[in-house]
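One chain, subunit A, links the two complexes that follow: it is found with subunit B in the first and with subunit C in the second.
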Partner chain A sequence: MTTLTLAGTEADPRRRLKVLASQEALLAIAVIGLAIAVGLYNPRFLAARNLSDVLLGNAYIAVAAVGMSMVIVSGNIDISVGALIGVLATISGTLAVNGAPIVVAWLAALVAGVLVMALQGAIIAYLRIPAIVVTLGMLSILKGGLISVTGGKWITDLPDSFHLADIELFGVLPFPVFLMILVTILAALWMRYSASGRAIYAVGGNAEAARLCGISQPRTIVMVFALHGFFAGAAALLYATQLRVIQSTVPPNLELTIITASVVGGVSILGGVGTVIGSTLAAVLIAEIASALVFIDVSPYWIRAVQGVLILVTVIADILRRRRMAGA
Partner chain B sequence: MKLGLAFAFLSATLLAGTASAADKRWDGADDLPVNPLACAAGEANAAPAAKPYDGGRPTNAADKAGKPITLVDVPKLIGIGYFNATSKGMQEAAKALGNVTVKTDGPTEAKIDEQIKFIDNYITSGVDGILFAANDPVAIAPVLKKALSKGIHVVGYDANSTPDAREWFVNQAEFNGIAKSMIDSMANEAGEDKSFAIVTSTFTTPNQARWIAEMWAYAQKCHPKLKWLETVEAQEDNNLSFNQATTLINKHGDKLAGLFGMTSVATPASAEAVTKAKLCGKVAVVGLATPNAMKPYVNADCVKSVVLWNPVDLGYAATYVMRAVVDGTLKPGATSVDAGKLGKLNVVNGSEILLGSPFIFTKQNIKDFDF
Partner chain C sequence: MTTDAHSETPGTPLLSVRSIEKSFPGVRALSGVSFDAARGEVHALLGENGAGKSTLIKIVSGVFPPDRGEVLVDGKPVDLARPDDARRAGIATIYQELLLFPELTVAENIFMGHAPRAGLGRIDWRAMHEKTNALLASLEIHDLQADRVVGSLSVGNRQRVEILRALSQDARILIMDEPTAALTEYDVTRLFDIVRKLKARGVAVIYISHRLDEIFAIADRVTVLRDGAHVATKRVADTDAAELVQLMVGRRIESLFPKITVPIGKPVLEVKDLERRPLTRSVSLTVRAGEIVGLAGLVGSGRSELAQTIFGVTPADSGEIRIAGRKVDIRSPAQARSLGLAYVPEDRGTQGLVRPMSVRENFSLAALGKVAFGGFIDRGAERKLADDGVKRFAVKTSSLEQIAGKLSGGNQQKIVLGKWLANEPKLLILDEPTRGIDVGAKAEIHRLMGELAAQGLAILMISSELPEVLGMSDRVLVMREGRIVAEFSREEATQETIGAAMMGSHDNAEKAA
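This part shows the complex of A and B:
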């Protein structure tokens, strides 16, 4: 049950030190430290407009990473999410240009997201097929299906009211940033304090123990995937409403960016450990690095290499931490 | 703290790399020789010396002159407006000719390894001719040569292979022609002594690299006061292009008077970034793009010139060229080829067919196009 106490509820004298060394704290320090370092090199980086644009343009990745984190914590993985976001964006945009009420166009993305993901969750949980196989299959279905149905025609002439991402709350806070923060906080509280939220950790940490505690593993997995589908739908809306055109294709490597945010955020790829605060901070860090590379005149292609290094460092640190705990 | 240490190390490495990056300003251009056009509009450039035919030849191709033929078109990727338009042109040509069947099939992402697999499969299943737009000029050569060796005719369009791997290549616009249109539009809209930046796909994409090299050469010759700030890569990704353009606007502030979009994805995304930053009229956006994606910005007067050739005509011409090759009317050494409604097209560079001057979409004409 060690994994269940990792979130830090024990009254350990070294707890304060532990909190400081947590993945979330490290990421927060990295986000702020990088901003200061790049700001010293080029003060324009710290302009409110730029910081807001960095968050605005990448909030959808953080929102999708919240669902992905739940899936990974539950001991699963989903590589179909990038393709699903492309499909949901296209569904929503197609409804909007064909005269459906805007609210219906928005809701359709959420509902379709939940349905597709719940279906995958059910196949994984009840037929006991590994998540990587099921979601790989779904990736191909969605990718091929999208191109066959749309013929790759871009969606243009979207009505102005469709552009959810353009809304600014109180005239300053862009809606995508607001949604990212809201979703992260709510999901973090739910995962930490509710019985069903804790069940995700139990299922991913030790499935047998969870079963003995009376937690239904299949039901938890279906719930996690359904929620993940909801967040994917929300991410698709932000993604679709940011620009005036929807490409009707699957955004390249989007699932990898989302998984990277979760893993770098401290969600253990082995399941049972991690928080959505970590994944959101990691999504912000990755977006910040991409922008910083332009500001310091380095090809943004390095972002891939940087992401790779971040993943390896995080995973190695996670494995070492587990070994140390197992040895202690 | 390991993560923190690794991070500090990375930051240091990246910062150290900036000194060298600052010297190399024309990122994204290739190193091939450039041939800038004359500055004045319409003035003919000195014709380069005629080059002998340097294309390949199929081995024992069946004689199908005048007979029905089946073609496959393998573009860089399917599912984008641009290649949908070339595909449409091919269908139009097939209909006009009456004895050609052409089918478009290809990867859903611009990946050379997948494109090779598609071509290989069609060689096995058997077609009379292959039309292609290469994702990589060198990597695609072996599979095209294999097609030639099996007696299949090979004609390229849009993005070339090495010349000996295909018979003819339909060149949508010469690189220096596009470069002239782009730089002239920028100088006209942003101002002769202003600064601009470029959003491209990748530094190694052949077409984009060639255009940027020619743009640099033409700007030096005809608009020497234009200042180039930098080129950023954004692949063919809508949101990445938007984020990159936004970052450029935030980074350079008032200094930035223009943005070039080098792909049909980067140009609308750059226009969106300028619109969102409320800088329409202050930052000119000039670029290559398909009309539908640009209509909102052109109609809102945020973008004045969209530079492109007509991709429908390009696909149409490629199909006519293939028919002429099969019929034996376009042979090595020919100086022109008949391309139906497009009239006679000239042979350039040994084994290329030139489509014509670039086309500029403006507020007046953009509504006439739907792709």
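This part shows the complex of A and C:
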């Protein structure tokens, strides 16, 4: 796993210190440290049942945050993903209930996710319209469309075989957790070692320089959004299959929670910097904090405020870091 | 130095700038510059890019303080810590990029921040319009209405709004930074009318321009700066274009530029009648293997635009480009790159370097195809490529993983240059390769250019520094207004011949004679 740390594998002691100071290491320390601290206060927090619930219930946020991190690294943003996850879950559930083969129901969510996001990416890249505007429009279309089409009805009587989230690998590892880890590792390797992954950092770090190096900015952005759509589809499947019903709404501000995971994970809101390992760790940390609040007798409503503090702290740290860089 | 005209000004000068020194990290921008301006005088500041004009006017405008020296208004020292201090001292500056609010009206722009007030802090709109009309009348401007929205005005009219804004604040000293750079000929005449009226009112105008003919048309005295130092102050009546060009470019030692004579090979780039309006007009040129062709011209003459058209950033409307004899139609930078072209842009901050990326990642960015196999990057090959680049270009960096944005300007420029050479191009287009970097890094880049040419690379070098053009080029092309107006061999090229072609001052010299 050393290959996945921020600064590579060489045995330079200064570099090793740098690895420890990276956002990823800080988050890993926070995840473990918080578990120990809350566990000391209330040992029930550390019960296997609780920890696995925390991961199970939030793995889909981490999976969606992987795509979101790519989008933000490329210098864009997407606020439609929460609504899209709701739509994709509904599409997949509707197909399953109406007798379509389960695999088709699953694939439909992935394909529809890729199509919707690729379309948005194309509008952003080729018509040069800011991502926030395009995805805001899509957010309304998806949200409004979903509630109108479903009439707010829940989907019930889903076939048992539909429930991906119930699968346990080797009898212990729940599928959502497995998928979260797999997606994170593959995406991290891809972003770090592939030419296309490098293109995302280049476009987000300096679009003009990337263009002069022969990297097509529009193509990179469409690719990033298409991938993001794929991960949104995977997230929608985890979300749709973890309960026995599919509601016609998603948790409020789902997109903001996903963006928070990316930003707290060290993805610079200005583009060009960040890793998906950071965003997955941050998604786990946020879920952990939400659960911890209950165990230390604090109203879970505080989670939004805690998220807000995390966002502000990381963004301010990022901006200060950039400013130091510009001053040098 | 040459004769000084300070003593000829009677009485206390309105503005007096004394022994200003200013350094930025790694650069000495100004070393003891003095000049003064009397009431009703138009005083021109002349110098090459990087001579220190901008730094000087920013100090007088209170943008940043000098390290040493002082500014006096009416003989009294003024403390210019902030732009607001300068405004209160009666100094107003009109920058090249006009600072107006396009959605607001002429009157609102003029009185932004100091609108006449009625009771309870309300803006007194009527007084504001009356005052605007009075200002317009005082300069005999009849085609500009107080309630016009500024965004709908021509550049010339917007500039007039800025001038009126300065006058509304009772500015007695008006600094104009290249005011005619974006103006049509007609607007230039009108600007001069206004400057003459201001002169008659006793306003001192500090006029910065590259264009010699304008200086002869409007200025009383001219101060020439070079490399941050005061070279001479002359009365315009006592000098001529040739002398000013010579003062401006000076005579620096050519041995600074290690030009190696190498055998010149076959044409690598042939351009014929290339058109891309408005700034590339029927351009034809040839660059051969091993040859360094210098492209001289003023800022705005269309040199960078030509480079970007050749490189496919802004593809040509018509004309012909041949690479190594084969006709090509370049529509994108990616295509240009695959044809063996490389372009090192002028502004490495916005165009060349990905600042948050490491040195390694920046070096490999233009050559990913060479280190990536099946879409995945071979780390070993990438590190070797970057390591070779760091060694070859003597980049001073703590490691390959150093974030490129943290390096000094010279080292950043070396990375941008090295990045392109990793791709082994046949033609290298360099846009201002040494602007803003220190002398040591400059010399190293010049040495590298010589070596690259010796290896058979064809180089097209855009430079605004004449000594660099003269020192490095085998041949010099001069651009003006989108056209190539002159070509000189290395033997024919002198500062005077190139300078004259750049400024188009043949005609002016004739007029003056």
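Things worth noting here:
Heads up, the rule we're going with is that the second predicted complex is superposed on the first by the 312 of 328 C-alpha atoms of A that agree within 3 Å, B and C clash if a C-alpha of one lies under 4 Å from a C-alpha of the other, contacts with A are read in each partner's own complex, and residues count from 1 in each chain.
Just so it is clear, contacts are C-beta pairs under 8 Å (C-beta built on N, C-alpha and C of every residue); 3 or more make two chains touch, one makes a residue touch a chain.
On a predicted model such as this, the values are computed, not experimentally measured, just so you know.
Once subunit A is used to superpose the two complexes, subunit B occupies space next to subunit C without a clash. Touch criterion met: A:195 reaches subunit C, while subunit B stays clear of it.
Looking at the superposed arrangement, the partner reaching more residues of subunit A, out of subunit B and subunit C, is B.
Touch criterion met: A:211 reaches subunit C, while subunit B stays clear of it. Contact with subunit B, but none with subunit C, is seen for A:150 once the two complexes are overlaid on the shared chain.
By the touch criterion defined above, A:272 lies against subunit C but remains apart from subunit B after alignment on the C-alpha atoms of chain A.
Touch criterion met: A:44 reaches subunit B, while subunit C stays clear of it. Closest CA pair between subunit B and subunit C after superposition: 20 Å apart.
Subunit A residues in contact with subunit B (one complex) as well as with subunit C (other complex) do not exist.
Against subunit C, the residues of subunit A that register as touching in their complex are 7-8, 12, 15, 193-196, 198-199, 201-202, 205-206, 208-216, 268, 272-273, 322, 325-326, 328.
Only residues 21, 23, 26-27, 29-30, 33-34, 37, 41-42, 44-45, 47, 49-50, 53-54, 57-58, 143-144, 147, 150-154, 156-157, 239, 242-245, 247-252, 287, 290-291, 293-302, 306, 309-310, 313-314, 316-317 of subunit A touch subunit B when the two sit together in their complex.
The touching residues of subunit B, counted against subunit A in their complex, run 1-4, 6-7, 10-11, 14-15, 17-18, 21-22, 27, 78-81, 83-84, 108-109, 202-203, 230, 232-239, 242-244, 246-248, 250-251, 253, 265, 268-269, 272, 277, 290, 292-293, 295-297.
Across the interface of their complex, subunit A is touched by residues 311, 313, 332-338, 343, 345, 350-357, 361, 364-366, 368-369, 372, 375-377, 379, 399, 401, 403, 405-407, 419 of subunit C.
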